[in-house]
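Both of the next two complexes hold subunit A, though its partner changes from subunit B to subunit C.
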Partner chain A sequence: MEAYLGIDVGSVTTKLAVLDEYDKLITNLYLLTEGKPIEMVQQGLTQIKQQLPEDVNICGVATTGSARYLAGVIVGADLVKNEITSHAVATLQYLPEVQTIIEIGGQDSKIIIVRDGVVTDFGMNTVCAAGTGSFLDHQALRLNVSIEEFSRRALASDTPVRIAGRCTVFAESDMIHKQQMGHRTEDILYGLCQALVRNYFNNVGLGKDIKPPVVFQGGVAFNQAIVKALQEELNAEVIVPPHHEIMGAIGAALLVHEEILNSDNGSKFKGFGVSEIKYYTSSFECEACPNLCEIAQLSLNGRVLARWGGRCDRWERGSSS
Partner chain B sequence: MRIGIPHMGNLYIPVKALFERLNIDYVIPPVNSQRTLSLGVKHSPEGLCIPFKLTLGNLIEAAELGADTLLMAGGYGICRLGYYAKIQEQIIRDLGYNCEMVQLGVSEQKLFGLLKVIKRLSNYAPWSRIISAFRFGLAKLNALDKIERVVQKVRPIERIKGKANWLFAKAIKAIDKADDYATLKRVQTDYIDQLNQVTKDNQAQPLIVGITGEFYVVLEPFSNLDVESELGKLGVEVRRMTFISEWTKFSLFLNPLGMNEKDRIHKAALPYLKRDIGGDGWESVGEKVLHAKEYDGLVHLAPFTCMPEITAQNIMPSTKENIPVLTILCDEQIAKAGVLTRLEAFVDLLECRRRKCNNK
Partner chain C sequence: MIRIGIPRALLYYQYYPMWKTFFEELGAEVVVSPPTTQVMLASGSSRVVADTCLPVKVFLGHILALVGKCDYIFVPAIRSVESKVYNCSKFLGLPDLTRAVIPESPPILDIDIDINKGKRNLYQAIYQLGRHLTWYPLRVRRASQAAWQAHLNYHQLMSSRNLTPPQVIERISGTAEAEANSSYLISAQATIAVIGHPYLLYDEHVNHRLIHRLEQAHNRVLTPEMLSTEELQSAIARLVGRAYWTYEEEVVGAGAHYLQSGADGVIGIIAFGCGPDSVMMDVVRQQASRLKATPFMSLTLEEHTAEAGIVTRLEAFLDMIHRRKRSQVKTCV
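Entry: the complex of A and B
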């Protein structure tokens, strides 16, 4: 059976999805990146191989997410695609008439505006984490509520408190203040969800033409309380696709399928064996100019596979070498 | 008297030529680097824009190298930049350098104002020598911009990525070295020939993206993380209207005669913005309207906290002439990975849009 593999290596989680030749999902995997993208890609490959039927033949691999170039070199990707395009492609396959895509992940959040099946505008948060999953994670930990319990308890709120969500630091002190005043944890949790949503629309969604149907995806879409807060804010139905947390990986697999169909070359996939290989990463400071760029390099058996991080092209090497 | 100047693109090359011909003692600070930026950021009020921080960094580095007279643009009718020279002078004095700041009020004093400053700096050299040196500087400026225009065309379609940039870097050095008109002319034709001979994909029909926004961040690649070159690598042909040689031609020679290259742009912006809002905000809106037909998209570069460009950014989505605009806010926090992700997604968006338009 022909199959296509999409790998989305994000800041917090690593996602893998395998699609068959009819673009149907065969299997998928959702792992925590834990700051070790190389190991997680390797581990992901090993695990997903066990989940796949014997007769599967991987005909194309694509990587996406913030570690897309690194992951691309490791697995021998046929396509390295940015996460905005990957997400849009996957959502368009799920719901062709979609007009707005909201994606909230671990460290970043995006909005993608689609009209007639074509992306017309997009936005991405810049340096602030106040509208992302890590923020919720952190606050849940502080309130000693597991992230699974978070959603259930927040939904039980009847008089949510207003929390200043402009900045994580202020939100935290405001939350402590509300706790000390004796508000119920349920109300604080739902207040936090509303703050996150408000912040998202004031920041990422600012000036964007948001129209239904609205699709909400990314890891944070697991949280039903956020879905409810989004619906209240937008006054519209918010659709959460069944595989919302791996949409980036699905999009990458869809894109590589198309790419392979339009090309005469076979896949550059290095096979599941790459999970056994010991890659070596290191970095050095380039002294060619006063910029002193920090160059990161990935090598195998003393041979440099790829380098990144310079302001200029001096050290750059293509992922094909 | 030893003169130091801030950087903006390759402007230092013509300035250097001018100084040398007039025997003016000068220092050119090192080109913009992380050190320049750190110095500038450390000694600037936080809310000021990246042009202030980088030029301050340059001037401090010039003072470190012994400059005692610093040149900086200024004057009224632009934006906050009008008083930057004054603040920078104060900051540099507070740092213990005894420097005099000479403000170039180019926008109101035009050519004659500039020549008068040069006259003073050259210790009152005869006008004939000043004019001749000034002309030679202009010739270098024109040569640089002519070559850059060719580079913009070659980058997206060259077979081996990076070749055009490599030739451009060599051309800049050669132009810097050239010390007479004949050599300059030869260097110019020679490099344009070489660029034309680079192996290209002649079938390609690259996407065309216009670059607009605030003057300094458009012209200083360090401040916009080489956005032009990165777009070139993604196979996009970049067009921009802002070139220093064009600007000089108009603001120094033609504007005083009543000709204004910006009239056309302002007229295009009129339905959406009726007046100058300082900086280049009016032009940013106008350029979007004016070029909506020929460009696939527009990259709008704005310094963080820049009022004119923020105003323009919010007007742009509502114009009837509808092409996608990607606004990139430039400041010291900007990271290359984030910019690249946005540029890649923007290029995907433009490609899809073009395919769809072609299918119709």
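Entry: the complex of A and C
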């Protein structure tokens, strides 16, 4: 059976999705990146191989997410794609008439505006993480509420408190203040959800033409309280796709399928065996000019596979030879 | 021979051929600071408070790079180059700021340019500047005429042959390959207009080689300098009536023009901490969302911009344009 693999290596989680030749999801995987993108990609490959039927033949691999270039070299990707395009393509396959895609991940959040099946505008959070998953994670930890429990307790709120969501630092002092005044944890938690949603629309969604149908995806979409807060803010139904947390990986797989169909070359996929290989990463400061770029390199058995981080082509060129 | 330093920053890209001609006609040697590096940016920003805008920090880095390499440094205060249109306060105070924060700098040659004060005032200012190099008013006059001619030629070359300021400056200095590299144009997938001030568009360190990246991805790149003054002014007139800021043409004028014709997508570049830009680019953004015809994206450049942020946005923007073009082709078929 022909299949296509999409790998989305984000800052917090690593996602893998395998689609068959009819673009139907065969299996998927959701792992925590834990700051070790290489190991997680390797571990992900090992695990997903066990989940796949024997006769599956991987005909194309694509990587996406913030570690897409690194992951691309490790697995031998046929396509390395940015996460905005990947998310949009996956959502369009799920709901062709979608007009607005909201994606909130671990370290960044995006909005994608679609008209007639084509992306017409997008936005990403610019400077801070106040509108993202790590903001919730951090605050849940402070209130000693597990992130699983978060959603359930926030939904139980009947009089949410108003929390300044502009900045995590202000939000935190606001929360402590409300807590010390005796507000219920439930109300503080839901107030936090509303703050995140407000911040998202003031920051990422600023000036965007938001129209229904609205699809909400990314890891934060697990949190039903955020879904509710979004619906209240937009005054519209917010659709959460069944595989919302792996949409980036699905999109990457769809894109590589399209790419392979349009090309005459076979896949560059290095096989599931790459999970056994010991890759070595290191970095150095380039002294060729006063820019002093920090160059990171990935090597295997003393041979450099790829380098990143330069402001010029000096080291990038070296890696291909 | 007297050596006059010119920082490769801020208004360099608009006026360098003019300044160079003026000083050389008066027998001086012109020394230009090297392209921006991380060390220059860091040294410039170490002299001012953190809130200072990025382009001024870069500028001061260039001044520091010229210390010890010349006898004077030329820092004009350009207040206004058009009737009742004013420049950002950072430009007005540039000579004073430079003297205050870089005391070790060689003497600063400054000149106050303010068209609102009349022609006589302008000529006097030019003579005063020329006095540093000659006592003969006639030589100053000839030098300023030659300089003005060089300036007109410079802008004419850019708009008539679709060249960028660095390309024309290289030609004038005789270091360039004769023609602009056009080999990528044949395979160009899309035409992207990049708008903003020249000191952001052509400083490759500050913008992370934005134009280079666009060309590498097989796009034809258009910039504000490739439009004529008439095209820019009529675009401004259509959108906002009349300009408020000096150098509004390269943002609002070019933006309004390219949103309506000639480009598949428009990218606006602004510097973090720039007041006028934050207003002007928003005017362009609003126009883009009114027209809904040409995709628009603005990128904010900061001192610590991680390359990844720029690369991801650029990739997504180009994908959006390419996929859009492809779907339009499909519909037509």
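We take it that the second predicted complex is superposed on the first by the 316 of 321 C-alpha atoms of A that agree within 3 Å, B and C clash if a C-alpha of one lies under 4 Å from a C-alpha of the other, contacts with A are read in each partner's own complex, and residues count from 1 in each chain.
Keep this in mind: a residue touches a chain if its C-beta (ideal position, glycine included) is under 8 Å from a C-beta of that chain, and two chains touch if they have at least 3 such contacts.
Just so it is clear, the model here is predicted, and its values are computed rather than measured.
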Between subunit B and subunit C, positioned on subunit A by superposition, is the outcome a clash or a fit? clash
Scan A:Asn291 for contacts with subunit B and subunit C and give back first, second, both or neither. both
Please work out whether A:Ser66 is in contact with subunit B alone, subunit C alone, both, or neither, and reply first, second, both or neither. both
Tell me which partner A:Thr85 touches in the superposition: subunit B (first), subunit C (second), both or neither. both
Would you check which partner chain A:Gly207 touches, where first means subunit B only, second means subunit C only, and both and neither mean what they say? both
What is the contact status of A:Met181 with respect to subunit B (first) and subunit C (second): first, second, both, or neither? neither
Could you list which residues of subunit A make contact with subunit B in one structure and with subunit C in the other? 66, 81-85, 118-122, 124, 126, 207, 209, 289-292, 311-312
List the residues on subunit A that touch subunit B in their complex, please. 66, 81-85, 116, 118-122, 124, 126-127, 207, 209, 289-292, 311-313
Hey, which residues of subunit C end up touching subunit A in the complex? 37-40, 205, 208-209, 285-286, 289, 292, 295-297, 300, 307-309, 312-313, 315-317, 319-320, 323-324, 327
Residue set of subunit A touching subunit C in the complex reads 66, 81-85, 117-122, 124, 126, 207, 209, 289-293, 309, 311-312
Can you list the subunit B residues touching subunit A in their complex? 30-31, 33-36, 161-162, 165, 225-226, 314, 317, 324, 329, 333, 336-338, 340-342, 344-346, 348-349, 352-353, 356
